[in-house]
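Notes to accompany the following structure.
Going in written order, the chains are labelled A, B, C and D, and every chain counts its residues from 1.
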Amino acid sequence: MDYVTIKYITKKPKLKNPILIEGLPGIGNVGKLAVEHLIDSIKAVKFAQLYSKDFPPQVFINPDGTIELVKNEFYYWKAKKKNQRDLILLTGDYQGLSSQGQYELVENILNIAEEFGSKEIYTLGGYGLGHEVENPKVLCATTDKSLVKPMKKFGAVFKKNEPGGGIVGASGLLLGLGQLRGLKGTCFMGETPVYLVDPKSAKAVLKILIKITNVEVDLSELENKAKEIEHIAHQLKEMENVSKDKSEELKYIG
Amino acid sequence: MDYVTIKYITKKPKLKNPILIEGLPGIGNVGKLAVEHLIDSIKAVKFAQLYSKDFPPQVFINPDGTIELVKNEFYYWKAKKKNQRDLILLTGDYQGLSSQGQYELVENILNIAEEFGSKEIYTLGGYGLGHEVENPKVLCATTDKSLVKPMKKFGAVFKKNEPGGGIVGASGLLLGLGQLRGLKGTCFMGETPVYLVDPKSAKAVLKILIKITNVEVDLSELENKAKEIEHIAHQLKEMENVSKDKSEELKYIG
Amino acid sequence: MDYVTIKYITKKPKLKNPILIEGLPGIGNVGKLAVEHLIDSIKAVKFAQLYSKDFPPQVFINPDGTIELVKNEFYYWKAKKKNQRDLILLTGDYQGLSSQGQYELVENILNIAEEFGSKEIYTLGGYGLGHEVENPKVLCATTDKSLVKPMKKFGAVFKKNEPGGGIVGASGLLLGLGQLRGLKGTCFMGETPVYLVDPKSAKAVLKILIKITNVEVDLSELENKAKEIEHIAHQLKEMENVSKDKSEELKYIG
Amino acid sequence: MDYVTIKYITKKPKLKNPILIEGLPGIGNVGKLAVEHLIDSIKAVKFAQLYSKDFPPQVFINPDGTIELVKNEFYYWKAKKKNQRDLILLTGDYQGLSSQGQYELVENILNIAEEFGSKEIYTLGGYGLGHEVENPKVLCATTDKSLVKPMKKFGAVFKKNEPGGGIVGASGLLLGLGQLRGLKGTCFMGETPVYLVDPKSAKAVLKILIKITNVEVDLSELENKAKEIEHIAHQLKEMENVSKDKSEELKYIG
């Protein structure tokens, strides 16, 4: 096995000018949730797995008792209508652990993208607010100035020099290293409180991506998941309040 | 010396379809205790040592004043009866320190296994409970669905998606990377409180392995060690209670 | 992309015996502030960008919504007068994260320097005092004993064996690895309290560099920045005092 | 520059069956103190410098204002009498920072040793006690059982399986990796309280090494340094006692 290894699990698909969409684990798991939902909805087909010596030395356990080495996964989907484009979708268990590992990972992802003729990349992630948000906005950054206006039309928001710390991880690096190869890329970052996985933010990101790709996606499952998470968040809050009250009671007693 | 170096200390043994059994240091040292006991019991022969630049830069001191570089060790054992199989046994001082080091280590172990014609791997480890357990169960995960049923027959337990965090380290990686090579592998994880080395858990794991390999192993020494550890655990607990009592006495005085 | 990659963004400039001046991020950002001010003042031309897999996996966001991979930047400036020399100026977002990354980075910078015929290097940085300083002195260290006397004439200060911990990072390594190649190098370290970026210290460093290079640089902007920073430092101090007073008041009440 | 680079600063010396003696920084700096004192006493000649990308990216400042990249240094000394042997002496600023860096460093040192025909290695270090010691003993470990008896005669002490944690760092690794090459090596570890650099322990180690090598070394300077350190240790202790007394006084007042 090389430092990064790609293993095809189907014949290499023939794709026409495909769009690469990335959603790896990150802030609020927004990108991963969004791409996984997209993959399920459009019934994309897994065609390759990526392994890296910079991923943790770990296997996960499937429900049937079998193991799987931690990995990233490539899916494809072929356009059904004239206003659609072929898609390559990327998700996975981990990003690289080290700086060098991240660069190697992204270089290999870009190699795959270019091998299948992709010149356009969308990376999905979260933008941590540190507080709750009713209607998460979707921040945007892009490799090319000419993409700013169209992305605004799709509902994405550009805030001057935001995020202030730039974009860290695969979502940023795919654009940065892609830019050096002449690829066009855009990153969508859904606002998220950070505390928990955030299907609501993932939905906000997907809504924009749907407008761009013209794929048909039922978002109701993400909405259900969002309600579940809200319920959990509510419960956590109550537990916190109860323990606060108790400790105050104790103060009165003590 | 390469990043990982194998050094043969005997002529390469001729083995027939051997089973690889791994027990490196880990949770409760369950795997290492089990494989070391197995090696001693069946009088397996050391044939190779493995060094890695990702092991600590360290030598250990033997009782006679000589040093030895930290390493992993390969032993072999030849089947004596028809219902037995040749064995390769692996134990050692350390696993790799870094992710990359773990991947390199395991790739080299698998190379050895394949060189001697091994297609079947058993990895042994502990499953940390965080509390004491009277009769440790042995959890199981495997590379192939077809292995689940026979392993259950041997007494191993499958719990849906357990361990939740997957299997980290050489025990998991040997299965994960082995699976990519088409090797069949099974991991046995003995339940253990984690606090101390756990010969009782090692015994539970070995009991299953004995049924699979049909080797004759006297487990009484492991039982004695288990009693010693229980004695030490008991003493530690008493010391804790005494210091608790004392601090409570002090509260009454103070 | 290699571990370190240089990307020319103009035709390679023809330079005559140029001086290399480095100012990467560091203590008080003194070096970076100084070189950036110099680049702006003399209208130096960017000709190459350097990327490294040991930089963080990160892009920064420009005011127009486009991204840029983190990098170092090379500028050149051609002498206008007889008493001037061609210059190569280096600044950037980061130094290497790891030891090896730092060595690789500096080796690549020296390769560029030598490719353009440079035999003389000035590296700029800060010397952390841990307290405020009215008139920051500029400490100096050099690759060659013959450079000590001239540097003193330019106003730099040599203190026996200072800094006691040596010079850590690119400013030190450019001299150390340059020395092994037979290049002459000098490091100027402006005294700085460390707490904040320090344009006053950068100005002190630049004043000496101006005498050496005979370039014309208006330092008024650095002076304005220094006043801003002093204002901020003053405000921070007041806030601290207020909170101290408050907590003392509370003590009287409580 | 390679990962590890050797730079000769004289013509390669012609040595006859030389002994390699290592004293790099470590516990109580015992090894480094001992070898540096030996180098000064016998007027050994520096012939090579070693640089590593796994050393910190750092230069030190000489008293004359010049810098030097951090490094290890090789010295040689030619036997003057029949009962003496040629010597290679190794000291330096640092050991490697990472495991891999340590292995690479030691492999390169052994390459040098073998290039000059050395088959015998002595490594010097400290053995941390955590408390003061009037007459530090010198613990010993060795690559060959046949060396135990002669080393005992020279005054070294073997304690069963001590040090329990083995020997970590270059002093251990030179023996461990040397052993794999068929070289004979012995490590002397002077007992030391650990708190401060320890010339007394260095002297104890050197006394044994002098018996082995039959070189003439005046140990009085080490004795003077030991007295200085004892004086400092005494002062530190008094300061500690004073502050303890004060805090007790305060308790009576408060």
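Just so it is clear, a contact is a pair of C-beta atoms (placed from the backbone, for glycine too) under 8 Å apart; a residue touches a chain by one contact, two chains touch by 3 or more.
Because the structure is a prediction, the values reported are computed rather than measured.
Contact with both chain B and chain C is made by A, D. Copies chain B and chain D of the same chain sequence form an interface built mainly from non-equivalent positions, shared numbers / all numbers used being under half. Averaged C-alpha coordinates give centres for chain A and chain B that are 37 Å from one another. A straight line joining the Cα centres of chain A and chain D is 53 Å long.
Contact with two or more other chains is made by no residue of chain D. In summary, the structure contains touching chain pairs A-B, A-C, B-D, C-D. Contact residues on chain B toward chain A in their complex (touch as defined above): 96, 99-100, 102-104, 106-107, 140-145, 148, 158, 160-170, 172-173, 175-177, 179-180, 187.
Residues 1, 3, 7, 51, 53-70, 97, 101 of chain D are the ones that touch chain C when the two sit in their complex.
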